[in-house]
Amino acid sequence: MTATEESSTAPEEARGSTVGELPGRRRLIVGGVGVAFWAWLLTRWAYHNSWVDRLFTAIGLPDLIRSEVPVRLREPWIPAGPFETAGAAVGEFAASLGPASFLIEWLAWLLNVAGFATTMAPQLAAGAFITAYLTILSMLFGLVIAVPLSVARIYGGFILRSLSLVYTELIRGTPLLAQLFLLYFGLGLANDISEIGIVGNGAVPRAAIFVAIIGFTINSSAYQSEYIRSALQSVDDGQMTAARSVGLSKLQSIRHVILPQGLRFAIPGWTNEFVYLIKYSSLAAFITVPELFRRAQDIGSDTFRFTDAYVIVAVFYLALVLTTALAMNKVESVVAVPGVGQSTDRE
Amino acid sequence: MDPIALQAGDWQFVLSNWRYLLLGTAVTISLTATSLALGFLAGFPAGAIEVYGSGRLKSAVSTAGVVLRGTPIVVLMVLVHFGLPIPQLGTLPVLDIQLEVFLAATLALGLRSAAYQGQVFRGAIQSLSEGQMEAARSVGLTRRQAIRHVVFPQAVRRSIPGFQNEFTIVLKDTSVAIAIGLAELLTRAENLYLQPGQGTAVMEVILAISAVYFVLTFTTNRALDYVERRYAVPGGTK
Amino acid sequence: LGGNGGSDDVIVPGTNSGFAPFEFTQGGELVGFDIDLAEEAISRAGYEVGDWTDIDFKSLIPSLNEDNIDLIAAGMTITDKRQQQIAFTDPYYESNQSVLVSSERDFSPESESDLSGAIVGAQSGTTGEGEVERLVEEGVLDAENVRQYDNYTLAAQDLENGNVDAIVVDVPVAQNFADSRAVEVAFIIETGESFGFGMRQDDDRIQDINDALAEIEEDGTYDDLVTEWFE
Amino acid sequence: MSLLRVDHVDKSYGEERVLRDVSFEMERQDVEVIVGPSGSGKSTMLRCVNRLTEIDDGEIYLDGEEIHDLDQNDLRRRVGMVFQDFNLFAHRTARGNITLGLEEVLGKSHEEATRVAEDYLERVGLADQADSYPAELSGGQQQRVGIARALAMEPELLLFDEPTSALDPELIGEVLDVMHDLAEEGMTMLCVTHEMDFARSVASTLTVLDDGQIVERGPPEQLFENPEHERTRAFLGDLTDVR
Amino acid sequence: MSLLRVDHVDKSYGEERVLRDVSFEMERQDVEVIVGPSGSGKSTMLRCVNRLTEIDDGEIYLDGEEIHDLDQNDLRRRVGMVFQDFNLFAHRTARGNITLGLEEVLGKSHEEATRVAEDYLERVGLADQADSYPAELSGGQQQRVGIARALAMEPELLLFDEPTSALDPELIGEVLDVMHDLAEEGMTMLCVTHEMDFARSVASTLTVLDDGQIVERGPPEQLFENPEHERTRAFLGDLTDVR
């Protein structure tokens, strides 16, 4: 009768922590760079966003927003020239020094990469836009599935419990890439989705993106439900007993007492999962979604500068991941209630 | 669902290629093993450095950790493959894989895993009470002896659950090596259905290899559960 | 020089399968016209054939330049852009691009302008993709409607599944797809391109390969291979 | 008619018989104190009354109705409970702990619930702590919120399961004071507690439970002065020694 | 020459001065008990003696040598320590807890270490628990292993930091008995403890520490009967009340 007679196993972490704790000074640097990065990214997104464009047109503003410019033709805002000139100069200097100029050559390379990065930037921004909404939507839809899944796992009867267990184990036991292939090439889901008329026209993303969202939603729901389950199980049994004693029904108790506490405990795990999904969204490239990684590949095969393109995209992902982790820390402290769900190990 | 679904002929096709897939499984398992080994060898010292180290070394290790954990595995893999000058090492007979590709995949998966295993180990060390170290020092053990005889044995035991997670993640992420063309399980699956006329077998092939992955993760997890129980300190919580 | 740690006697060929009949896997074996031709040319030139490397098409050129492979045999069209990166042998095959559509749907364009508004795909890094890009620049296609694939077979698969309306691919390969799948050639874009084997620009063994190719053509081996793989 | 009638109740956990043929009655405004050694079944007895635990045999009547014929949630509303470790809802303020039941179970509006909650907080002397979260309150304050939360549902019967035994000695008094006041106001209370001063001065009846059976039951004076059973004497003797 | 001489020792944590100009001496076979309110610096004092904490100013001499001139590990071997929460090595048996230091620090062979360890376990009455892991032992047993572990290193001085305050009341006796025996056998002991019966019957000197300063120091009888300072009276009075 008491809430969790099922043994509450030690909360297992489904996947390890990505960022861990950033020491104070580095946190500040990451924060500062992060704000600049997002300011640039958001303006980029707005500047080429067809919804914003329509809105501007509708309210009669001049054509400030350039959503009609194809991705490949978009102009960078930071000129590559200075970097390239500087890189070339440093490179010559290095050459004059002979073999002992390792560090300087490296600097030249860095300048060249920076120059290259500015020319790539418009395309990467477009890719990052897809990466961003792919991740956010999948996390949210995943959460919607994960909550009932974990509740079923803890409070459900035998059948519900088993169903939830089998679902999470199957999803967590097979590679995400195989899941995406199955959905896209195996089931040909994109085709079914395309038939829904509006998909792929103008501002509505193409079908492959929907398939990716479905895949990531399924996958992340399984992981999220594990985090939420262990968070719910860490809520003291007495809470359920007390809620029932006041006369709340079992569902009401879960809704008003267990979930509000458990979900707070779940935030650190949830942050992790969020970060994981940002990274794993790169696998959507394999089913033709032109997200961040795919753009880097394309740029690489256009320019044959693969290594540089991948270094730049790695930095891009790092920026997304670190800023997300910091922002979620913030969320955690905002929703924290004294005594509930504050992770003690952070400053 | 679509009419392409599950045809007996396609299952037949999967079956007739079992040897080919089995070799892929062997590659997947080998890659998991080498990556985890690298991850362990590099990760545990890294974890120890993050706790006991100081200055340059410590901040270098923790920065490398953040970079490795913050970058998608597919990016790491292509970076290692294209960016690092790995010499040509020839082909491994039987498994039919190129060693330099295998090495690139091992480096990417292994170093990233090291970054995570380092975190696991660091957490395990930090979860030990300060008192253990003090008690060890109080009997006259040096710091190094105390770490070796008191902290590590306990921290390693506490790391097993984290290690278990890491194992499944690495196993599943070996499939990303398809990006650099390593002939592991998923790549071979793709090769199969890309053969002329086998386009309808996509679903069957992928379901088959998913089952293989699942069996691998499931059985190893159970095995590690057993190890954990076997080496648990009596009466102690892990 | 071929600095692949080994000797100059070995030439390690690389390709990207999934491009039947030039190169594809069958029962786990890499086979195809390019495979046979390259092996024949390498041995006749007096070198040993190394183990084949089968990787992403767009990775071939970087791999070659990083000495991971010594020769590209992947139905690669000789273009100016590529020639800035690598050297090509004498052309060994002439080709055009086909526009391939699904035979189960009623989209049957007859010329480039009919493609307007359609979703069109190609393998990334190929001349097919080059043609698609040209169509985008000429305003026929919408940039958002272009799909890139790692592999032509995946593209054909997507075409069958109805995720794209058309794909642009080399004629012989298109023909091969049309024979084995529910797809058909709608029309041909005359590009008059030619395939060559790719080698590093500083690799002087290219001359020997060229001589061998010429010899293969003269003594009829070439025609035998064409018969074997294209008819 | 008696408010609570426990009639030949049996309860086992697996092989272990935790309650054996327990029967007793309480009238309105009675204060019944149950004592007994650890594991004797005191908590189990209480939890059977509001069906946090289900009995195996026997009947329990609340105001003449068998409790299994009542709606479970309704029964629990009518029988309040106060716990040893307080069990306040950790994510809600003192006020929020009280309003939850008022809004969700009694369907009161948010405004009314707030008003009622503050009344009850006032009553247990915590009017100024309405916005504090449990973690910000002392044990004694938490327990008083726990009592207010139970009271606010206007129960007919209040169950107390060792309400003071998790408290530091200096905080016990403030909780006992509240219980004392409740008794004087006529609340019907069934209390498991080892506070013998409280039993002596407040209880109308004292029951000694041992090994799931009622050993002796009667007015506290009588049990303290003239116990019929050796077990009673030994047990009450121990308790008063400890204090 | 005195075994321990603490000479004008100062210690601060940041702004907070935790020890202020503390000086005292102990002869061999002395048993010194330190008492004082929480936060007065008792633990800090102990930890300074075996350099788990470094002092800011002053000197500490062990057997005539300044402890900072000694090898740190050697100092710690010569000055044993017993902790409030035992700090047994959780992954080693009772025996293994003792052999570790014998083998690694004293370089004894495995066989000899085992023999010695069992002797000491016998001495604290735990010969039959040699193979038990800490988690399988009661608190009292754990603390006795902790004492055996310290003793086995044959220290010249033993430090005890509230060795019984994490124990349930019924287990305190067994640990005090062992300490009692040690004192009789002539072990030099510096003990922080609030067990006043122990202090009264065993201590050669009693020191009252408050706010980092020695308030009063002398034979226990004198401090109990005739304290010079009001603080001493108040504090010792409180302690004896609680028991």
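For clarity, chains are labelled A, B, C, D and E in written order, and residue numbers in each chain start from 1.
Keep in mind that, in the parts below, a contact is a pair of C-beta atoms (placed from the backbone, for glycine too) under 8 Å apart; a residue touches a chain by one contact, two chains touch by 3 or more.
Everything quoted here is computed from the prediction, not taken from an experiment.
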item	value
Shortest contact path, subunit A to subunit B, counted in steps	1
Any chain that touches subunit C and subunit A	B
Chain pair with the greatest number of C-beta contact pairs	A-B
Chain whose Cα centroid lies at the greatest distance from that of subunit E	C
Rounded Å distance between subunit D and subunit E, as computed from the means of their C-alpha atoms	46
Between subunit B and subunit E, centroid-to-centroid distance (C-alpha), Å	48
Whole-Å gap separating subunit B and subunit C, where each centre is the average of the chain's CA atoms	35
Between subunit E and subunit A, distance of the C-alpha-averaged centres to the nearest whole Å	55
Of all residues in subunit A, the ones touching two or more other chains	185, 188, 191, 286, 297, 306-307
Per-residue multi-chain contacts in subunit C, two or more chains	59, 62, 154, 157
All chain pairs that touch each other	A-B, A-C, A-D, B-C, B-E
Complex contact set, residues of subunit B against subunit E	129, 131-132, 134-142, 145, 149-150, 153-154, 157, 233-237
Footprint of subunit B on subunit E - complex, ascending	50, 52, 73-74, 76-77, 80-81, 83, 85, 87-91, 100-101, 104-105, 132-136, 146, 149-150, 153
Subunit C to subunit B touching residues, read off their complex	4-6, 12, 17-18, 20, 24-28, 50-51, 53-56, 59, 62, 66-68, 151, 153-154, 156-157, 160, 176, 180-181
Touch list for subunit A against partner subunit C, complex	70-72, 185, 188, 190-191, 194, 200, 206-208, 286, 288, 290, 294, 297-298, 300-301, 304, 306-307
Subunit D-touching residues of subunit A, taken from the complex the two chains share	1-2, 236, 238-239, 241-249, 252, 256-257, 260-261, 264, 337-340
